[in-house]
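To start, the structure itself, in structure tokens.
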Amino acid sequence: MSDQLERFDVIVAGAGPAGMSAAYLLAKEGLNVIVVERGDFPGSKNVMGGVLYRQPTEQIIPGFWREAPLERHVVETQAWVLTEKAAFKAAHRHEAFAQEPYNSFTVLRARFDKWMAQQVRAAGALIVPETVVEEPIMEGDKVVGVRTGRPDGDLYADVVIAADGVNSLLAQKAGLRKKEIPKNEAALAVKEVIALPREVIEDRFQVSGDQGVTIELYAEATWGMVGTGFIYTNKDSLSVGCGVLISELVERGITPNDLLEHMKAHPAVAPLLEGGETREYLAHLIPEGGLYGMPKLSTHGMLVVGDAAMLVNSMHREGSNLAMTSGKFAAQAVLRAKEWNDFSAESLSYYDQLIRDSFIYKDLYKYRNMSRFFETHPEFFSLYPDLLNEACREMLTVDGVSKRAKQRKIFWDALRKRMPWRMALDFYGAWRSIA
Amino acid sequence: MKKLTLEQKLFLNGFRPDQESHLRIIDQEKCKQCELRQCTYVCPVNTYRWENGQITVFFEGCLECGCCRIACQDCQNLEWRYPRGGYGVNYRTG
Amino acid sequence: MSDQLERFDVIVAGAGPAGMSAAYLLAKEGLNVIVVERGDFPGSKNVMGGVLYRQPTEQIIPGFWREAPLERHVVETQAWVLTEKAAFKAAHRHEAFAQEPYNSFTVLRARFDKWMAQQVRAAGALIVPETVVEEPIMEGDKVVGVRTGRPDGDLYADVVIAADGVNSLLAQKAGLRKKEIPKNEAALAVKEVIALPREVIEDRFQVSGDQGVTIELYAEATWGMVGTGFIYTNKDSLSVGCGVLISELVERGITPNDLLEHMKAHPAVAPLLEGGETREYLAHLIPEGGLYGMPKLSTHGMLVVGDAAMLVNSMHREGSNLAMTSGKFAAQAVLRAKEWNDFSAESLSYYDQLIRDSFIYKDLYKYRNMSRFFETHPEFFSLYPDLLNEACREMLTVDGVSKRAKQRKIFWDALRKRMPWRMALDFYGAWRSIA
Amino acid sequence: MKKLTLEQKLFLNGFRPDQESHLRIIDQEKCKQCELRQCTYVCPVNTYRWENGQITVFFEGCLECGCCRIACQDCQNLEWRYPRGGYGVNYRTG
């Protein structure tokens, strides 16, 4: 890297949605921004489910959805509760989601991020690919730059934005994240992109044109472990995956690929995939620590954004929007710091405040106890799904038994399996943890 | 749909493997004591295999998720880093 | 009709599922049975949604499902709550329903009933088609035969089984049904059979082989009127229809065909039908009077079965099973009467007793107030579906507003539209009417 | 899918119409007094039409559901019966 490149206003480590959002907004304001990305091109190492939300993305690049390489706009959202042999499905479709400017899109990150990188470059930022950020360069407790994997690859700037993902070495080495991520605060997600003809996807998901559907799958989808599965429609492929807490994988001794194959073989899932051809197999860690897993968000000369800051709302499978919004807030904080020429921890803590006043903190706060609750209540991933599906089966089976007798049977079967007061506590607890 | 083996799936991905592994077992002796050897099953691509009384690291198919690092945190016996810039997996879809 | 045919043990009026069930069982026992059917062949005038249940049918003809012309066995049951622009869907699929001997089948009645008539004939009953039963022949208060539309077409028997459907002239003219059916105790259903290629159906409903799906649709599906819509998968067609109380049609001044087209055009429904070609357009009255609409079931020399006895459980869209089971009970009562050579009202009231001890009466009792409740609570067909779907929309719209703020908005929106105590009463009432 | 008119739909059905109508208005004068004339819209095939100051009965497309009989029960002005044996609609699917 040539000498004149070594000093920047801002270094962004990682060309994911959080980093690029910050870089784009800062470059637009005329700051001298460098984005350091370890992949061949922005997107080549990036993985998500993935759903991209329109409004938060438009906060970065207005009208992006008219040009960006998107897959389908989501018109229907489904949730399936699976047992070994059955599925209970709930779904919601709304015409409002089928109309411009849309609510959300499925995307393939390698394609979308590549496009976004072009916008970031056009805004004036420098993107350097094939370069790993290894650690922060510190002066005392100040972050003054980053050391990259290139020879003579030290870079300096007023501010470093750590957008280096869930494994953030920057946040850790700058002391913002004290501990290693506990096994029950990260989920390993594996995913396949499965090619299917457009028309088949449109028939199977009852959509036309670029309309799409998302399905989240629970319980037996993850073999009863705390986690979720998903099936998202792309233009001519499906993104099919599942993620569970590492602590669960460890305890059960289950291999992620087996887990995914188990889900794919479920009698309610298989018909959706029939005839498909796997195109790619991907893995990604998802930060599930929520509010309690969040590191310190800023320090002197550094801000942490997106996955690096553990900003994921797993209840609503939201991540990219938290990432992009945190990138926007980081840009705002940097711009203010730049104006005041003050990059101290105190000045940059404006970022913390923006996060705290936004839906990001509020939602993480709302669901702060959810993950822990479900970890300690495995019955929500096996017993209750089973009771639900067997109750449906009983009520739908026509065999000369009166409906009232069936209800009585369902009731007593449930009571035999769990004491009523325990059930009451379970559901009260579940309600408390998400309401 | 046709079920693929893990190996077949990895052939579908684009990789540019480095000469040397970016993942290094610090002390194989420690792995011998390790009861669970979680790395041998939590890794989504089966990078770590217990062969001939030691852990062999098949880093070429690594998807760089970081799962092994978390799994090995009790032993702290893994030197974990990303592949060098430009190496490793190259997703086409993401 | 020749002279020796004029005297029978049993006359069955109407070759529907109720009548043919009775005729089959009685002929099997060696009784001299004649079935009089007004259509060209049994089935040619018969209409239902139509779902046929295995267990009650097997009570008549064991193993029928290995030979009968069935369409698909139902593996998934769906319920959709529609508003003008949205749909909330719930569904249940169970592998148990995909395995022999199955729970239920979709059928096309013209085909199934033709097959069943062959079994009835093979059992020894005489089926006379193209013959309308016009009225009972009475001796005092005894029914001794029926007058048909043929010249010299009087037939005599120990017992007449009135299986002449919802418009039962026999039940009415024998004085078992005192009143005309009130407009709010009958639903007019219209249906189209819409051809689609097998593969398209399998993709759209995520089934393979002979698996099938049923969907019941509510609220906007019937333009907010008390009633339901339905979409059932046949082998290479869909049965698509809707039925509403005649009182509702009258009040709203809506034409049934417009109602059906309205449902077919709904944005959640249209993708299922896309490319389909209508093959037939059908109409049928459904008795919705439930327990209170039930006529007297028996009198001297006559029993009333199936639709003629108003035996429909609309909550669970069950009809054919009640019809066939009532036919079975009628046969049992006749056999006992024959044994005792006593066809008096008292003897035949054994039929009433069998009905009363069975799921038929118990279920009709359970839901006895349902129809009336929903008639007087139109908010369940418009306001509540709307609140439900708009709540889903709000929670799924990602726009930077915290989930808690969204919940608050949903809560206050609902309260603005209906007072909380009214809501509480509504749902308590609904619960009471179906629980 | 393509939207058909009611007339087009009825062409799809099999009918063997009798010479004479099985449905008969008892007293056309009464229909003139009738405010709602429910029979003109509740019938799924538009059998009853108000034309030239009276109800005309297009019985040929009747699906024999009985809806008109219930609709007209306030006036009791309809002589309702099924078509003669062998006549009327003939469903192929049902």
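Which chain is which? They are A, B, C and D, in the order written, and residues in each are numbered from 1.
The definition used in the following text is that a contact is a pair of C-beta atoms (placed from the backbone, for glycine too) under 8 Å apart; a residue touches a chain by one contact, two chains touch by 3 or more.
Just so you know, these numbers come straight off a predicted model, no measurement behind them.
Q: Return the distance between the CA-based centres of chain C and chain D, expressed in whole Å.
A: Averaging C-alpha atoms per chain gives centres 23 Å apart.
Q: Using Cα averages as centroids, what's the distance between chain B and chain D in whole Å?
A: Whole-Å distance between the two chain centres: 76.
Q: If you average the CA atoms of chain A and of chain C, how far apart do the two points sit, in angstrom?
A: Distance between chain centres, rounded to whole Å: 47 Å.
Q: Measuring from the mean C-alpha position of chain B to the mean C-alpha position of chain C, what distance in angstrom results?
A: Their C-alpha centroids are separated by 60 Å.
Q: Quick one: which residues in chain D touch 2 or more of the other chains?
A: none
Q: Give me the residue numbers in chain A that touch at least two other chains, ranges are fine.
A: 274
Q: Indicate which of the five shapes (line, ring, star, complete, other) describes how the chains touch one another.
A: Contact map by chain: line.
Q: Which pairs of chains touch one another in this structure?
A: Listed in label order, the chain pairs in contact are A-B, A-C, C-D.
Q: Sort out for me which residues of chain C touch chain A in the complex.
A: Chain C reaches chain A through residues 53-56, 59, 77-78, 85-98, 103-104, 200, 202-204, 206-208, 267-268, 271-272, 274, 316, 318, 321, 325, 358-359, 362-363, 366, 389, 392-393, 395-405, 407.
Q: Taking the complex as given, what residues does chain A use to touch chain B?
A: Those in contact with chain B are residues 38-40, 43-48, 50, 108-113, 129-132, 134, 148-150, 166-167, 180-183, 186, 188, 190, 192-194, 237, 239, 246, 249-250, 253-257, 261, 264-265, 270, 273-285.
Q: Mind pulling up the chain B residues that touch chain A in the complex?
A: For this pair, the touching residues of chain B are 1-4, 6, 9-10, 12-13, 16, 36, 38, 41-46, 63-67, 69-71, 73, 81-86, 88-94.
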